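The letters A, B, C and D name the chains in turn, as written, and every chain counts its residues from 1.
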Amino acid sequence: MQHPHDTSAGMAAPPLLALYRDVRARSLDYCAPLALEDYGLQAMPETSPPKWHLAHTTWFFETFLLQPFLPGYAPFNTAFRSLFNSYYNSVGQPFSRARRGLLSRPTLDEVHAWRVTVDRAMARLLTTPHPQHTEIRRRLLIGAHHEMQHQELFFTDIQYSLSCNPLRPAYLPLHHTWLAETAAPPLAWQALPGGVYQIGAEAVQTSAFDFAFDNELPRHRTFLEPFEIAARPISNGEWLAFMADGGYHNPELWLADGWAACQAQQWQAPLYWEHSPHTGWQSFTLYGMQPIDPARPVCHISGYEADAFARWASARLPTEQEWETAVSQLPHNSEHAQFIDSGHYHPQPVRASQWFGSVWEWTASSYAPYPGYRPPAGALGEYNGKFMCNQLVLRGGSCVSDRRQLRPSYRNFFYPADRWQYSGLRLARSAAPH
Amino acid sequence: MQHPHDTSAGMAAPPLLALYRDVRARSLDYCAPLALEDYGLQAMPETSPPKWHLAHTTWFFETFLLQPFLPGYAPFNTAFRSLFNSYYNSVGQPFSRARRGLLSRPTLDEVHAWRVTVDRAMARLLTTPHPQHTEIRRRLLIGAHHEMQHQELFFTDIQYSLSCNPLRPAYLPLHHTWLAETAAPPLAWQALPGGVYQIGAEAVQTSAFDFAFDNELPRHRTFLEPFEIAARPISNGEWLAFMADGGYHNPELWLADGWAACQAQQWQAPLYWEHSPHTGWQSFTLYGMQPIDPARPVCHISGYEADAFARWASARLPTEQEWETAVSQLPHNSEHAQFIDSGHYHPQPVRASQWFGSVWEWTASSYAPYPGYRPPAGALGEYNGKFMCNQLVLRGGSCVSDRRQLRPSYRNFFYPADRWQYSGLRLARSAAPH
Amino acid sequence: MQHPHDTSAGMAAPPLLALYRDVRARSLDYCAPLALEDYGLQAMPETSPPKWHLAHTTWFFETFLLQPFLPGYAPFNTAFRSLFNSYYNSVGQPFSRARRGLLSRPTLDEVHAWRVTVDRAMARLLTTPHPQHTEIRRRLLIGAHHEMQHQELFFTDIQYSLSCNPLRPAYLPLHHTWLAETAAPPLAWQALPGGVYQIGAEAVQTSAFDFAFDNELPRHRTFLEPFEIAARPISNGEWLAFMADGGYHNPELWLADGWAACQAQQWQAPLYWEHSPHTGWQSFTLYGMQPIDPARPVCHISGYEADAFARWASARLPTEQEWETAVSQLPHNSEHAQFIDSGHYHPQPVRASQWFGSVWEWTASSYAPYPGYRPPAGALGEYNGKFMCNQLVLRGGSCVSDRRQLRPSYRNFFYPADRWQYSGLRLARSAAPH
Amino acid sequence: MQHPHDTSAGMAAPPLLALYRDVRARSLDYCAPLALEDYGLQAMPETSPPKWHLAHTTWFFETFLLQPFLPGYAPFNTAFRSLFNSYYNSVGQPFSRARRGLLSRPTLDEVHAWRVTVDRAMARLLTTPHPQHTEIRRRLLIGAHHEMQHQELFFTDIQYSLSCNPLRPAYLPLHHTWLAETAAPPLAWQALPGGVYQIGAEAVQTSAFDFAFDNELPRHRTFLEPFEIAARPISNGEWLAFMADGGYHNPELWLADGWAACQAQQWQAPLYWEHSPHTGWQSFTLYGMQPIDPARPVCHISGYEADAFARWASARLPTEQEWETAVSQLPHNSEHAQFIDSGHYHPQPVRASQWFGSVWEWTASSYAPYPGYRPPAGALGEYNGKFMCNQLVLRGGSCVSDRRQLRPSYRNFFYPADRWQYSGLRLARSAAPH
C-alpha cells in the first residue's frame, strides 16, 4: 500500500520519520474504499467518523509535538484545537463526542490539507537536531501507536456505521472463498502451576523502537493459583451450541448487569448476526452480509456474553494476569497471528493453538492500575489512567490490529456491554483442588 | 436560476411539464452552495439531510406517478421504496426518521442519477396522452407543491445543521448591508366586525394550475366575534423589549406546557440568538453569525414564546380564521411579500403593512380538520389528515417559502415547541365589549 | 353518607356553609374504604396520593380564603404553603408533582387535623358578615367545585395506583350482579341543522349557587355546519368489534401521534383490560377484576383511540361546539345520568339516549380560550387558562363526577394520550353535502 | 432493645433459635420510630421501603427454609412468592424493583402477621431434630446475616427517603451534643512490606456460629508490593479542604466516568450536604439537619469522589487485598468500632487508629470472584456471584452495620456512583521505588 501524497517514501528517511510516514500513510490507505459520503458517518456516540479519525490523529501530532517543539510552527486552524480534541481536559474543552458526525466542515479536502501540512512539519522536526530529542522520540512513539489504535477503531466504527444502512454496503468486495472446509480443531487445555509470576512491560526499552503504554507499567509480581487455559478462542460453531442450548434465555448463566443488558437490548446472538429461514445465520462484515462460518472464532460479543458462555461451559474467563502469564510461559508462534497486514478483514478460521490476533479476548479483569502505576506528567497523563474504572481488559489483538502493537503486555479495554469490536473469548478454569 | 442538467428548459414544454421542470431544477439550485459533506447532515430527528430531501421528493414522483401510470416503468432501485418513504404506512415500513443522516449510501451521485431517470420518465408521462390524465394532473400538482415544501425545509434544516458546527459555516456569504437604517414602523391595528365569514379554499379550481391541499378544504362558514389584528408582525426590537422586561423568567406569562419547555430547554432568547459582551446579541443565519437587527421581524421562536409575548403585550395570537378573514377583507399587496424569489435568505425589515412572506406567523389555532373535511382516497390520504393533532397552525409563509404556495388559505403546522422554522408572530385582540 | 367529624351537619347552617360542609365531608367519605397505607400511593406523575388530595383542597381554602379574609388567621403550618401548592406560580414554588408520593409526613392524622382547623375557621368566615362577601362567595364556590374535581381525581388516581399492585386489591367489594342481561341498545343518530348557535355559560348567575368556571365564559356565537350525532356513547361490545377487526394494528386508522403512542406503549385494548384464555377479557375496576360487559360504555380509552375508533366507524368525534349544541337543542333527561351519587363506581349499561354521566366523552376540540376569554385577576387566574394548549376537551361527566358540576357548558380537558379517566366516546358525522 | 412480639426471649432457646429471634426482633425494633406512612417510602429504585425489607427477609426464611424443610408448611400467601422475591430468577419472576413503593397491600398489619407465622414455624423447625440439620444450619446462618444486611439497608434507605421530604423529618431526635470538641487526630501512615499474603475466609468454620459468605471464599494467596496505608479514614475537615481547593471543579483529579457523573449530577459536596450563608455547611442525618463536624469521618461519598480525593492527596485508594492484609497484620482494637449497637446513628469523631465501623471504606478493587470461587448450588447460588461486575468493594462496616458481620474478610460492594450508604475512604500509597 502506497499513499499517493507521500512522494518521499522512496528516499532514505531517518528511522523515526520512516515509522511516522508508514503509519500516517496507512490511515489514508485504509480509507481508500470509502465514498466521500462515508467519511462523516457516526452511528452511535462511541464511534467516530472516518474524517474525525484522520483529523484527530493529526491534531495529536500538532498539539503534542509541533506546537511545543517546532520553532515558529503556527497551528493550521486554531479552531481545530477543540474540535478535534478527544478527551484531554488539560488541552481545553473538547467538542461533544456524540456530535462528531455533524462536522461536515472542515471538508475532507481541508483535513487532507491539514495532514499534509502537519506531515511536512513533522518531517522537519524529525530531521533536525533538537535539544529535547528524547522527549520528542517518546511522544512520537506514542503518537504513532495512538494512530495505529485509531486505525483499528476506523475499521470497527465504519463497520458499525455501514451496518445501520439497510442497503448493507460492503467496505470491500469479497474475492475469496468464505466458508472453511473443515470445522474448528478440538479445544485443548494448557495447565500452569501456581506461583509468583511477573507481568507488565519492562520500563527500560532495549531499542529506540521498543514501546509500551504507561498502563502496561510497571513490571511487577503477581501470585497465581494453578489454572488451566484453552489453547485457542471459542469458535462460531461452539457459540451456536450455546445459543441452541438457550444461552440467551437462561438468567442463571448471566451476571445481573449482563442479564439486564441482554433483556434491555434484546440480544439473541452476537452483534451483526441475523437469521432468516432461507439463509440461516448470517452476519454483517466488512465484506457485507456473509454466512456464519462455524470454524471461525466468534466475535462481536460483549463481555457479558463471553462471561455467560464461560459459565455455560463450566469454565470462566481468564484474568489478564493468567492470560499474560500463559502467553509468556507457553510456546506459541505469533508470526501466524492474523493482524491487519494479513489482508483479511475478518477473523480467519481458528487454529488449534492461537494466542494472538484474529479476535480480542475478554478477560475477567477490570481495567485497573498496576501496583506502582504512575501516569506520565502533562497532558499525556490523561491518555490511559482516567479510564481505569468500569471497563474490562481484553488481550491478544484482532484481525484489524496493527502487528506492531501486540506485545504480550498490551492491554485493551472496553465496557462489558460493548460489542462493536472484534471481541471474542478464551476459556480458563481453576485447577481442581487436591 | 437555471439548473445545468435541465438542457431542455429552453424548448417549449407542456405547461405541467414546465412546472415540473422548474420545481425540480430549483431543488438542485438551492443545494449549489453546499459542500458534498453537507448533504448527509441531520442534527436532530425533526430535520432531514439535503440528500434525503432530494431523494424523497424523487421517490414521491416515482411512487405515486411513474409506478402506477407509466407503463413499463421499473423502479430505479427497489430498496429506495422504504428508504425514502417518509411516513406513508400504506406504502410500507418507512426507514427510521431519526437515522436518515446515516444513509451515506446511496451516494449523492446515485441520487442525482435517480433524479435524472425519474425526470426523463416524468417527461414521457406528461407528454403522452393518458386515459387517467385528470388523476395524473392532480398528483403532479401535489408532487410539485410537495417538493416546494421540501425546498423550504431544506433551508431550515441546513441552517439548523450548520448551526451545530462550532465553525459556524455560512450557507452563503453576505454581500449586502445587514443592519437597517431605520427602526420598524409603528404597529397599527385593523378592526374587523363580527359575523359569519367564509374561509378555506374553493374546491372547484378555475385553471389547471390552481391548487390547494386537502387540508384547506372545504370552504366553509365560521362565526367571528369582532376583533382587531396588527398590520404587521412583531419586530426584533419589540422582542428585545420583552426580554428586557423579564419575559423569559415570568411564569405568569406562559402556558403551563410552554413554561415547562422554556425551563427544560433553558430558553433565554429565540433559537440561534447568542449574546456576548463585545458583540451584543447576534444570531446564526444562512449568512453565518449576524447582529440582531431591531427592524426585522423576530423569527425562530416557538409557539409558546409567541403566546407568552402576546400575553405580555396584553394581546393574544389570532386564530387562523381571524387571520384568513383579515387577509381576505383588508387591502394588502402581496406582491411585496418576501419569498424565496427575493434573493434574500433572511427576513428583511418589516413593513408597516405586511401580511405575507418573511416569517410564518403562529396562530392560536390547533391544526384540525375543517368541517366536512375528507382526506383523499389512497395513500395520499396520509398527506395531511393524520397530523391534525397537537400542532398549531401557522400562516403567511416565510422568506424561504415558494410564492406559488402562499394562497390565503394555506395552512402550515408545527408543534408549539418547534423553533427551527422562520416562525414569528402577529398580535390580535378581542374587541372591547360595549 | 355522613362524615363523622361533621357533628354540626344536623344544625341549620347558612347555605354556603352547608355547601362547604357537604363537599368537605364527601372527601373523607370517599376515603373511608382505604387502608392507611393507600393514602400515600402515587403510581405515575399525573396522579396524586389520596392524602395529597385531602391536603391540597384544604390548602386551597386556607390560601385563597382564610389568609386573605379571616382576620387573625395564622397558617396551620407555613411549610404546607409550598408542599401542597399544585401549580400556582404566583403563590410560590410548588413541590415537585412527580414526588408527592414521597411525602410520608405530614401524616394522615396531621392532615386530618389541618382539615378540622380549616373547617372551623371557614365556618367562622362564612357565618360572620364581611365587607368582601361577594369575593368570598366567588372564591368559596370555586373552592367547592375545585374539591369536587379532586374527588373525581381521587377515584381515578386510586384506581390507577391499586391496579399497579399485582394483588389487585379492590377499592370496594362487589355486592351486585355485574353482567347486564341484555346488549346495549342500537345506536341512533340525531341530526341538527347548520347555523349560528350560542354556547358557553351565562356570565350573570341567577342564583347564589349558580357557578361556572372562567373557561366556560363568555357565552358566544358559533357557526356550525349541519351534523349528526349519536344518541349514546359507544359500548364495550362495539369496542370489541373494533379490536376484532384489527383496530389496534392498522395505522391508517390512527393519527400520526396516536399511532406513535399506540406502538410505544403497546396498546392492545383500553387501559386496565387484560385477556386470558380461561377468563376472556376482564378489566380492573374499583371492584377489582371484573369481566368486560358488552352493554356498558367503553371507558379508559385515550383520545387517540377514540379518534381511531371513529375513523374505523366512518364517523368522527364531535367538536365541543357540536356536543354542547346537541345537548342544548335535543330533548334529554339528565336526571337519569349516572354520577357519583348513583352508588355505582363503574359505568352502568348504556341507555338508548344518554348525554350525561357514566363516561366522559372525548371531543375533537383542542382546549382553547373562548372568544373574548379573560382569566380572573390574581392567583386564581392560573386556574384554567394556562392549560389551554395540547389538550382535548371532554364533555358530559362520568360515574365518579359530582352531579353539581355537570352543566352543559362544563369543559373537562386531558392530553390525548391520557387513559386513566373514565373516558369514552360518542360519534358524530358531517351531514352529507347536497 | 426488646421486641414486644418476642415474648419468649427470656426463655432458654437453642443457640440457633436464639440468634434467629435476636435478629428478627431487631428488624422490628429499628422500625419503631417510624410513622405508619413511612413504611411504604421508596425514593429511588435502589432503595426499598421499610415494609418491603420486613417482608423480603421473611420471604427468605419461608422460601429457603420452611417450604423445603418443614413438613406440612403452607405458604402464608402464595402471591408473596414473587411480590417479595428480590432477584432470585430461579425462584420465579420478581416484582419490579423500582415499584416496591406502590405495594400499599399487603398492609403492615398483614406483614407483621406473616412475620409472626414464619417465626413460629421457624421455632418449630429449629427445635425439632431434622435429617438435614446441617443444611438447615447453613441456610439459617445465611438468612440471619441476610436480615442483618437488610437492617443496614433499612437505615440508609429511610435516610434517603426522608431526605426527599422538604420537612426534613428526623428518624430520631438528637439528645446529645453534636459537634466534637477537638479536631480529628493527625493522619498517620502504616507501612507493610511486599510479599505473598493470605486473604479470604477460612472454609472450615471452627464453631457452629462462624459464618462467611461465599464471596469471601476461598482463602487464597496474593502478592502485594510494599505499600503504606493510613491509620484512619478521612475526616470531614479534610474533605472541606479538598472542596476549598476546587476538588469538584478540576477534571484532572477525576476518573473519566467519575467526572461525567460529577457533571451530570452536579455534585458539589457529599450527598446530603447543603450550604447556606447563615448556617454554613450542614447535612441531613438520621437526626435531621446537623452541622458538618470536621472531626467526624466524611461519608455519603461515591467511589468516584473517594478516588478524586485520593488523587488530590497524592495518594490512592487501597486495594481490598491491601486493606485486609493491613487489618490482619497491624494491631488494632475492633472493640471500639462503632456499629449499630453503639446507639449512635451517625459516624462518631474519628479515632487516630480506626479500622472498623463508623464508615465503609471504598477500595480500588472491582468486586470479582476470588481465585477458585464457586457459588453455592441451588437458588442461593444467586446470592453473590452474579453481582461481580461493575461494582467496587468496600470494607470495614459502618455505624449502622451489625457487629456480627464485620469479620476482616467481609466484602461489601456498590456501584462507584452510589452515595447513599455510609461510605467514606481511607488513603493508601505505593512505597517509593528504591
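Definition applied: a contact is a pair of C-beta atoms (placed from the backbone, for glycine too) under 8 Å apart; a residue touches a chain by one contact, two chains touch by 3 or more.
Note that the structure is predicted; figures quoted are calculated from it, not measured.
Chemist: Among all the other chains, which ones are in touch with both chain A and chain B?
Modeler: Chains in contact with chain A as well as chain B: not a single one.
Chemist: Return the chains common to the contact lists of chain C and chain D.
Modeler: Both-contact set = empty.
Chemist: For A-B, find its twin among C-D, B-C or A-D: the pair where over half of the contact pairs carry the same residue numbers.
Modeler: Within C-D, B-C or A-D, the interface duplicating A-B belongs to C-D.
Chemist: Between chain A and chain D, what is the gap in Å from one C-alpha centre to the other?
Modeler: It comes to 39 Å between the two C-alpha centres.
Chemist: List the centre-to-centre spacing of chain A and chain C in whole Å, with centres computed as mean CA coordinates.
Modeler: Computed value for the inter-centroid distance: 60 Å.
Chemist: Under the stated contact criterion, what part of chain A meets chain B in this complex?
Modeler: 35-41, 43, 51, 79, 82-83, 95, 99, 101-108, 161-162, 164-167, 169
Chemist: Help me check something: in the complex, which residues belonging to chain C touch chain B?
Modeler: Going by the criterion above, the answer is residues 87, 89-90, 194, 196, 220-225, 227, 251-252, 254-259, 304, 307, 316, 364-366, 368-369, 371-372, 381-382, 386-390, 416, 430, 433.
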